Structure formats: structure tokens, C-alpha cells
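For reference, the structures are reproduced in the following blocks.
One chain, chain A, links the two complexes that follow: it is found with chain B in the first and with chain C in the second.
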Partner chain A sequence: MAELLQFTITGIAVGMVYALIALGFVLIWKSSGVANLALGQIVLLSSWFTYAMLVQAEFPLWLAFLLVILFALGLGWMIERFALRPLIAQPILALITVTLGIGYFIEGVVIFIWPWSVDALPRLFPREVLHIGPAVVSQEYVWVVGICLLVFALLTLFFRYHKMGIAMRATADDQMAVQACGIPVTTVFSRSWMFACVVAAIGGILISSIGGITQGLIETGLKAFSVVILGGLDSFLGAIVAGPIIGLAESLGGGYLTPYLWAGVKDIIPFIIIIIVMIIKPYGLFGEVRIERI
Partner chain B sequence: MSLPSGTRNYTYAQDMAILRTKTHWALFIGLLVLLMAAPLYLSNYWLGVANLIGITLIAAIGLNILTGYCGQLSIGHAGFIAVGAYTAAVLTNRLELPFLVGLISGGLTAGAIGLIFGLPSVRVKGFYLAITTIAAQFIIIWVINHWSVTGGFVGIKVPYASIGGFVFRTETSQFYLIATIAALCTFFAKNLARTRVGRAFIAIRDNDLAAEVMGINLLYYKLLAFFIGCFMAGIAGALLAHWIGFLNAEQFSLTESILYIGMIIIGGLGTTVGPIFGVIFIRLLQQILTVQVVPFLERTFTMMPSGFATGVTPMLFGLVIILFLILEPRGLAHRWALLKSAYRLWPFSY
Partner chain C sequence: MLKLNNIEVTYLNVIRVLHGVSLSVEDGAIVTLLGANGAGKSTTLKAISGLLHIEEGEVTDGTIEWNGERIDKKSAEEIGKLGIIQALEGRRVFGHLTAEENLMVGAYHRSDHRAVKRDLEMVYHYFPRLKMLRHNIAGYLSGGEQQMLVIGRAMMAAPKLMMLDEPSLGLAPLLVEEIYDIINRFNIEQKTSVLLVEQNVRIALSIAHYGYVMENGRIVLDGSAEFLKNNEDVKEFYMGLSAMGAKKSYREVKHYKRRKRWL
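After this line comes the complex of A and B, so read on.
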């Protein structure tokens, strides 16, 4: 029983972070229709940047965090301006592969600056363990869930009430109509990349504060795709619902299946879910089914 | 269309011939001689590079058929290569079957696995398919790493290739083996594109819904593209296994898959010469970077943390992919076509 509770809480916490990273994907997909496959590398780069600010430059926490946010904004702006803007209205194949190229480039940058490739962030949250019923849970997980919920709430408010948020939703709905209304679509694209990078960076900090910074963060970014696929590519709600599902499947499956299967079954569960969803319900739980016409 | 002035076609056979003029034939025979004489002027090291290029070329041709002609993006190509490589390795090492059996079954197994992961392509495309193939890559590599038959994390040894008692032990003998198969694959791909199947692939790439309305069986042709593409990946994998002599799943990472996509983009999607240019470009660049540039940078900038220069390779490759997509989306094959027509039309530009 205690074991089950523990797996559940870890699963939900990790799943929340996946959902956060997945939101970064959905933001871009909704506004500009670009599939960002460089998500894992963006998470990796921003985690290392946090490391550089906190450990190498020894800034105080608030300043480091502010600089990371600014860095993520800059990164998003640069990617959109220099790689995606010239490719507007190109076939989807080019849009997908250009993000692969971006990811490869970022990976190179990370190896270039931090070649030792494994390190730990300092503890961001208090160490004491919590006792929830019979289970013993590290307090970090509770903090992670809290921060994720906060970011979700902020994003929801932003999309409901802020002018830019409304413009983004409108762009997702109909680009031509939005242009006709005088909303600069390129600015909307640019902002959505900036916000997506910030959200991914926050997710990266949270997950690397628990598990350390490794190349495995790229895989974490890829696992976030299973959240996107399960929830539906264009649905915020889908990402938030599917995140904990994937997290739970990973943690419970990893916990209970390992004795029967090979070790490390945990790492493969999100990818198996992708295949299953793709065969049964390719547009996900909440995704919009697009009907194509010639 | 691209024939020199004054050349006329009077029969269908003439119209369909790949080599039309005497100059074509002379150049073609010259190329063959140059290729077959390669062991005479290449050192053992460069022969090794040539072998790697040949093996990569076979896999890239497969990916070009799948992605370039049929438009089904696959980011798990290295995974399918791994399937072929490990099938050949297990059959020849553990069961001691002959090389040719391993080679063919490597191709067939990779093709079959490709069919399984290609199945979602009937319903989805674009990003969904990209993600499916990434998932395929991870699942395949995970199984290889954990299954006792494949040697797991330790790896597996592979004996030399041999046909009827002749053992391909040296780089030279392997060069002829690999070059022959690569040439056959190029010829196959060139002809495939001109048949009913190739035209169906192109129709599916340009608009699969319209293709279906015209009576093209999407299920059949998409799966056929996956089978052919992955079969070639499997053949390449089997050759790679016998050439390297030792397999480890590290050799088939996701980055390798992305590199394959990069190769066919740089070469030019949906062309016959594209993969050749792309593969040579990427593999030579890789060779020069890892052998010359990286050690040089490590020696020169000693104040940087050790190992930093290995980051230069992915940085440069990422940059090359981005720049080609933005500046020359039709790839080196387009430049080659421009060069050819400039030669043909000289001294008049049109």
C-alpha cells in the first residue's frame, strides 16, 4: 500500500513536469503549426544554463531564475527569427526537419560548453521528507506539483484575458482572418516560441533539480511527446490530463512490471503508449480531428 | 528534355534508356573504371572510409525512397539498420549460417519490423508519423539492449563475410562487395522511380488524398515504401555488421537517424543522385572533423574543459541542415542539375 502511494505521487509529479514541457509544444503547434522536435534539447540547454548561473557564477536564486527566464525568451526569439521565419509556408517536412537540425545544433552547443555531460543542480527545495499516510515522500515532488499547477493557472489566465493570449488563440483558429484584422502573425509566432521556451525551461529546471542534468533530458523531452500525442496535439487540457497519466503509467509500470520483464522497462513505456495511441486513436483524447479536403 | 541538341528518340526503348549518347556511355564507363580501380590509388584508411560511405549510401537510398519519393518521414532509420545488423550478427555468429542467408534475412527482418511501425502511416502523417518512428527507434534499441540473444549492452562479435569459401577479410575485398551492392541499389532506385510504383509514391507524397481518389491503394503503397526503405536499411545494417566486426547499440543512436535525414536533405529529396552527394558530403565532413579538426581544437585551446571540441561536429551538422533547408531546399542534386544543363547549353545560357 505504501509502495503504491509512493509510486502514485512520484508518477503524478513527474507527469506534471512532462505536461509542462508538453505545453511548450502545444503552444507552438497551436499558433504556427510547427512541430518542435527540439524540445528535449531546449530543456537540456536551459537546465545547463541554470547550472551555469547557480553553480558556476554563484548568483542568488532569484537572480539566477530571472536570468534563466530571460535566456529562454531570447532563445525562443532567436530560433523563431533565424530558423523558422524564413521557412513560413514551406511543406511540413521542411518544418519538422528544421527543428531536428536546431536540436542537433543545441546538443552540440551543450557539449561544447559543458563537455562533462553529467552534473547536479543544487537543491532548490527543502530536504525534509513528508509522511502522507503510510508513504514517505520527498518534499520536492509536492513542490514540483505546486509549481506546475501555478504555471498552468498563469497560462490559462494569460490566454483568457491578455491581449496577446487572445491574439494567439485567434491565430490558432484562422491565420487569414487574423491577418485581415491587423494582428501581426509573425509577432504571434515569435511570442509563442518565446513562451514555449520559458515553459520548457521551467520544466527542465524542475526535473533536473530532482534527477540531475544528463543527456537523458533529451529523452525526457521526447517522452513529453507521448503526453502530446495522448492528450491531442492542439489541446492544453489534453496535455494537463495526459501528463499525469503518462507519469503514472511510467512509475507504476516501472515499479510493478520490472520483476516480470527486463530492467529499465520504465524508459520504454511512454514510447509504447505512443504506438498504441497512434494505432487506436491517432488524434488523442482531446485533439481536434481534422478532416482533409483536396 | 535534358538531351543534347540534335539527339532524337525514334523508339520507346531509346526514350527510356538511362544512357542516351556516346558521351554518357564514355562518362559512365569512366566512372565504373575509376570506382573499380579505387583500391589502386586509395590507402587502406581511405578505403575504409569508402566502405562506410557505400554502406551508408545503401541505407540512405532506402530512406530516400521512403521519405524523398513517398513522403513518409522516418526518424528511426538507424533503428531499422540496427535490426538488420543484429539479425545478420545473430544468424552468422550464434547459428553459424552463411553470410548470404544473414544478409537477406537481415533485410527481410528489418522490412517486416518496418511494416509493423509503418502501419500507423495509413491513418496519420507528418508529425504523427515522425513521432511514431522515433518511438520505433527507442523501442528497437531498448529491446536490443535487454534481450540476451543480441548480446545486450556488451555487444556481439560478427565474423567476416564469406561467399562460397571466399572470405572478405581485407578492406579491398569488402570494398568490391559493398560497391557492387551499392551500385545495384542505386540502379534499382533509379528504375523504381520510373515505374508504376515510383509514380504512385510520388503521387502519394504530393497529395495522398488526391492519390487515393485517383485509385492508388494507399495501404499497399505506403506499406510497400516502408518495406523497401527498411529492407535496404537492413541490408546496409548486415553489411555494416560484417564490416565492423563488432556490434553495440550505441552505433545506432537517434542522432544517427537524424544524420540520415540530414544526408538526404543535403543531397536533395526524391532524386537518384541526391543520396550519393549527401552521403559523401556528410561522411567526409564527419571524417575530417573527428580526425583532423577536433584533435586540433583540443590541442590548441587547452584552457577549455577537455572534450569540448566533440561538440563542434553536432553543431556544424545542425547548422548545415538548417542552412540547406533555408537556402537550398532542393539540395546538392539541384546544383548538379544546373551544372549539367550549363555544360549542355554552353556557350548559350538557354
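After this line comes the complex of A and C, so read on.
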């Protein structure tokens, strides 16, 4: 029982982080139709940048966090401005391939700057354990869940009420009509990349504060894909719901199956889920239904 | 005042679709651009609003002037900020946004919240039905409501020149009259110039002050609405009336006479 509760809580916490990173994917997909395959590498790079700020430069936490956010904004802006904008009006496959290239580029940069490739972030959250019923849970999971919920709430408000948020959703519907309203879609694309990088960076900080920084962070990008595919490529709600599902499947499956199977079984569970979802519900749980009046 | 001087438009550097179009829209006037499918009406509008660049089209010759300033090299965004707003053909609402959010996208560039709020009320005043539907998802509105929404969205930009591309397309005659009535009132009350592209000649000439007839990328005829309404050629080829004003029977016309040669 205690075990079950513990797996559940860690599963949900990790799943929320996946959901956060997945939001970065959905943002870009929704506004510009580009699948960002560099997501995992962006997570990795921003985690290392956090490390550089906190450990190498020894900045206080608030300053480091601020700089990481600025760094992520800049990264998103640069990727859009220099890699993707020259390719506007080219086939979408070309743009997606470019993001793949950006991913490898970032990976190379990371290995170049931080060649030891494994390290730990200093503790960001108190680690005193919490006793929830019979289970013993590290307090940081609760913090992670809280921060994720806060970011979700902020993003939801932004998309509902801010005019840039509304313009982003409008761009997802009809780019031409958005331009007819005098809104430059390039700005919309640029903002969505910046936002995506910020949520990926926050996700990266959270996940590496728990598990340390490793090359394995790139895989969180892949797990975010499974979240996105389960939830629906263009659905924020889908990502938020599917994240914890993937997290739970991973943690419960990993927790209970590892003794009987092999140690890495946890890592393939999300991908098994992807395959099953692709067969049964190819648009995902909440994939946007195209509104078609007849 | 908008002035087009002998413009040529070429798509993809190869396909020339406008061969020297000149027209002007006086401040506060309703000007209509008439013609059959493929005459180049929409292309003319897109050349003005700057949306041509998106479709790999380009103004290769001639000039477009807005109050004496050349705008044919400007981007859609800059032209929009000047107050020239185009409502695209085919009721292109943002399907997953609510009606009110659609309207707010139109006001994207404006920072004066109070004026935006006032204009929102103004749009609801012109289109009371939109007020009732404001929290509905735009994709599920009826065709007429979507057309109202698209026009309302253009109004929200506080345009100095509003360009409407076939607002009557695919709508019931009663609804068309309602919408045209509102466009007319909007023009009179807000002093906004309107450039109207239409295939429905009768309804367009009922509110327009001046009109141009396009064919094959050229303007072949222009004049005041009164003049065009009484012009035999317009009557015959665009309104389907014979010289006597009676409904025409195509059985009586010799096939080779049906097509007017303008030049």
C-alpha cells in the first residue's frame, strides 16, 4: 500500500514535468505546424545553463532563475529567427528536419562546454520527507507539482485573456486571416518558440533538480512526445492530462515490473503507450476535432 | 484617399494577372469592384492590403498610394497599421475562438483599451446577433453569422478603409440585404471608406457611390453607381436584363452575341 502511494506520487510529479515540456511542443505545433524535435536537447541545454549559473557562477537562486528564463527566451528567439524564419513558405518537412539538426547542434555544444556530462544541481527544494498516510515522500515532489500547476495556470490565463495569446490561437486556425488583421505571423511564431523554450527550461530545472543532469535528459524530450501523442498534438488540456498518465504508467510499471523483468523496463513503457495510442486513437485523447459545418 | 496607378501584378514571377489597373477610392466613399470569377478583383484587394507577398505575388509595375504615400512595397502589417483592413473572401473566422475573441483579434494593434471597448459595443450595436452569440465558438456559427463576424472583426481595427471581399457569397438574399444595410450604415455613420468586391452587381450598386468593372485583369468600365446601373452592357452581362429591362431569355440570343467584347 505504502509502495503504491509512493509510486503514484512520484509518477504524477514526474508526469507533470513531462506535461510541462510537452506544452513546449504543443505551443509550436499549434501556432506554426512545426514539430519541434529539438525539445529534449533544449531541456538538456537549459539544465546545464542552470548548473552554470548556480554552481559555476554561484549566483543566488533568484538571479540564476531569472537568467535561465532570459536565456531560454533568447534561445527560442534565436532558433526561430535564424533557423526557421528563412525557411518560411518551404515544405513543413524541411522545417521539422531543421529542428532535428538544431537538436544535434545543441547536443554538440553541451558536450563541448560540459564534457563530464553528468552532474547534480544543488538542492532547490527542501528535502525533508513528508508522511502521507503510510507513504514516505520527498517534499520536492510536492514542490514540483505545485510549480507545474502554477505554470499551467499562467499559460491558461495567457491564452484566454492576453491579446498575444488569443492571436497565437488565431494563428493556429488561419494564418492568412491573421495577417489580414495586420498581425505579423512571424512575431507569433517567434513568441511561441520563446515560450516553448521557457516551459522546457522550467521543466528541465525541475526534473534535473530531482534526478541530476545527465545525457538522459534528452529522453525526456522523447517522453514529452509520447505525452503529446497520447494527449493530442494540438491540445494543451491533452498534454496536462496525458503527462501524469505517462508518468504514472512509467513509475508504476517500473516499480512493479522491474523485479520480474529487467532494470530498464520503465523507460520503454511510454513508447509502448505511444504505439497502442497510434493504433487505437491516432489523434490522441484530446486531439482537436476539425470544426466542419455541414 | 487610395489611388492605384496602372498596377501590374505577377504571381511567381511568371503569371501576370493584372495588366494595368487604375482606380481610386475617395475618403468616405463606397466603391465597388465588379466582375466575373478570375477577373482579378481579389488580387487587386490583396495588392492593396499587402497580402500578395504571402502568395508569392508581387506588384511589378505601377504604384499604390494612400494619402499620397506609396504603400505597394509595405508589408501587410504596416498597411494594416495605416488603417487599411481587408476582410478575406469566404468567411475566414478563427474557428476555435469564441465570437468575441475573434473580434478582439481584429483590435490587436490598438492599445487604447477604452476605445477598443467602445468599438466592441459599436460592433454589437451594428450586429446585435453577435452580442447574443459572443461566447459561442465561431466555427459553429451559421454562414451569415460568420460573415457578420468577419466584417465586425474588420470594424474592430478602426479602419479608415475597409475592403470587403464578396460579403454576399453563399448567403440567403434576405441576409445579404441585412448585411449590406449594415455596411451602408457603418459607412455613413463612421465615415469609413469601403472598397467592395462583389459578383452580386445589383446589391453592390445599391449602396456604392462609384463602381469599376473588371475583366481579365483590366478595368473595362467605370462610372457612378447610377451610370453603371443604367448602362446597357452592365445590365445585359451582369444583371441579366435585356435593353427593355425585362428578364432576358437566353433562348432568344444568338450564342455568339452573348459575350461582350470590350476592346
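The working rule: the second predicted complex is superposed on the first by the 288 of 294 C-alpha atoms of A that agree within 3 Å, B and C clash if a C-alpha of one lies under 4 Å from a C-alpha of the other, contacts with A are read in each partner's own complex, and residues count from 1 in each chain.
In this text, a residue touches a chain if its C-beta (ideal position, glycine included) is under 8 Å from a C-beta of that chain, and two chains touch if they have at least 3 such contacts.
Here the structure is a predicted model, which is why all the values come from computation and not from measurement.
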Which superposed partner A:83 touches (first chain B, second chain C, both, neither) = first
Request  = Answer with first, second, both or neither: which of chain B and chain C does A:268 touch in the superposed model?
outcome  = first
Inquiry  = Going by the contact rule set out at the top, does A:12 touch chain B (first), chain C (second), both, or neither?
reply    = neither
Message = Once chain A of both complexes is superposed, is A:64 in touch with chain B (first), chain C (second), both, or neither?
response = neither
Inquiry  = Going by the contact rule set out at the top, does A:183 touch chain B (first), chain C (second), both, or neither?
reply    = second
Task = Go through the superposed model and pick first if A:200 touches only chain B, second if only chain C, both, or neither.
result = neither
Query = Touching A:167 in the superposition: chain B (first), chain C (second), both, neither?
reply = second
Ask   = Does chain C touch more residues of chain A than chain B does, or is it the other way round?
value = B
Task = Would you check which partner chain A:107 touches, where first means chain B only, second means chain C only, and both and neither mean what they say?
result = first
Note = Going through chain A, the residues touched by chain B and also by chain C turn out to be 293
Footprint of chain A on chain B - complex, ascending = 67, 71, 73, 75, 117, 119-120, 123-124, 126-128, 130-132, 134-136, 138-139, 142, 145-147, 207, 209-210, 213, 255, 258, 261-262, 265, 269, 305-322, 325-326, 329
Inquiry  = Residue numbers of chain A touching chain C in their complex, please.
reply    = 89, 163, 166-167, 169-170, 172-174, 176-184, 288, 291, 293
Query = Across the complex, what residues on chain A touch chain B?
reply = 35, 37, 83, 86-87, 90, 92-94, 96-98, 100-116, 219, 222, 225-226, 229, 233, 262-264, 267-268, 271-272, 274-275, 278-279, 282, 292-294
Request  = Within their complex, state which residues of chain C touch chain A.
outcome  = 49, 51, 54, 56, 75-77, 79-81, 85-88, 92-97, 101-102, 104-109, 137, 139-140, 142-143, 153, 157
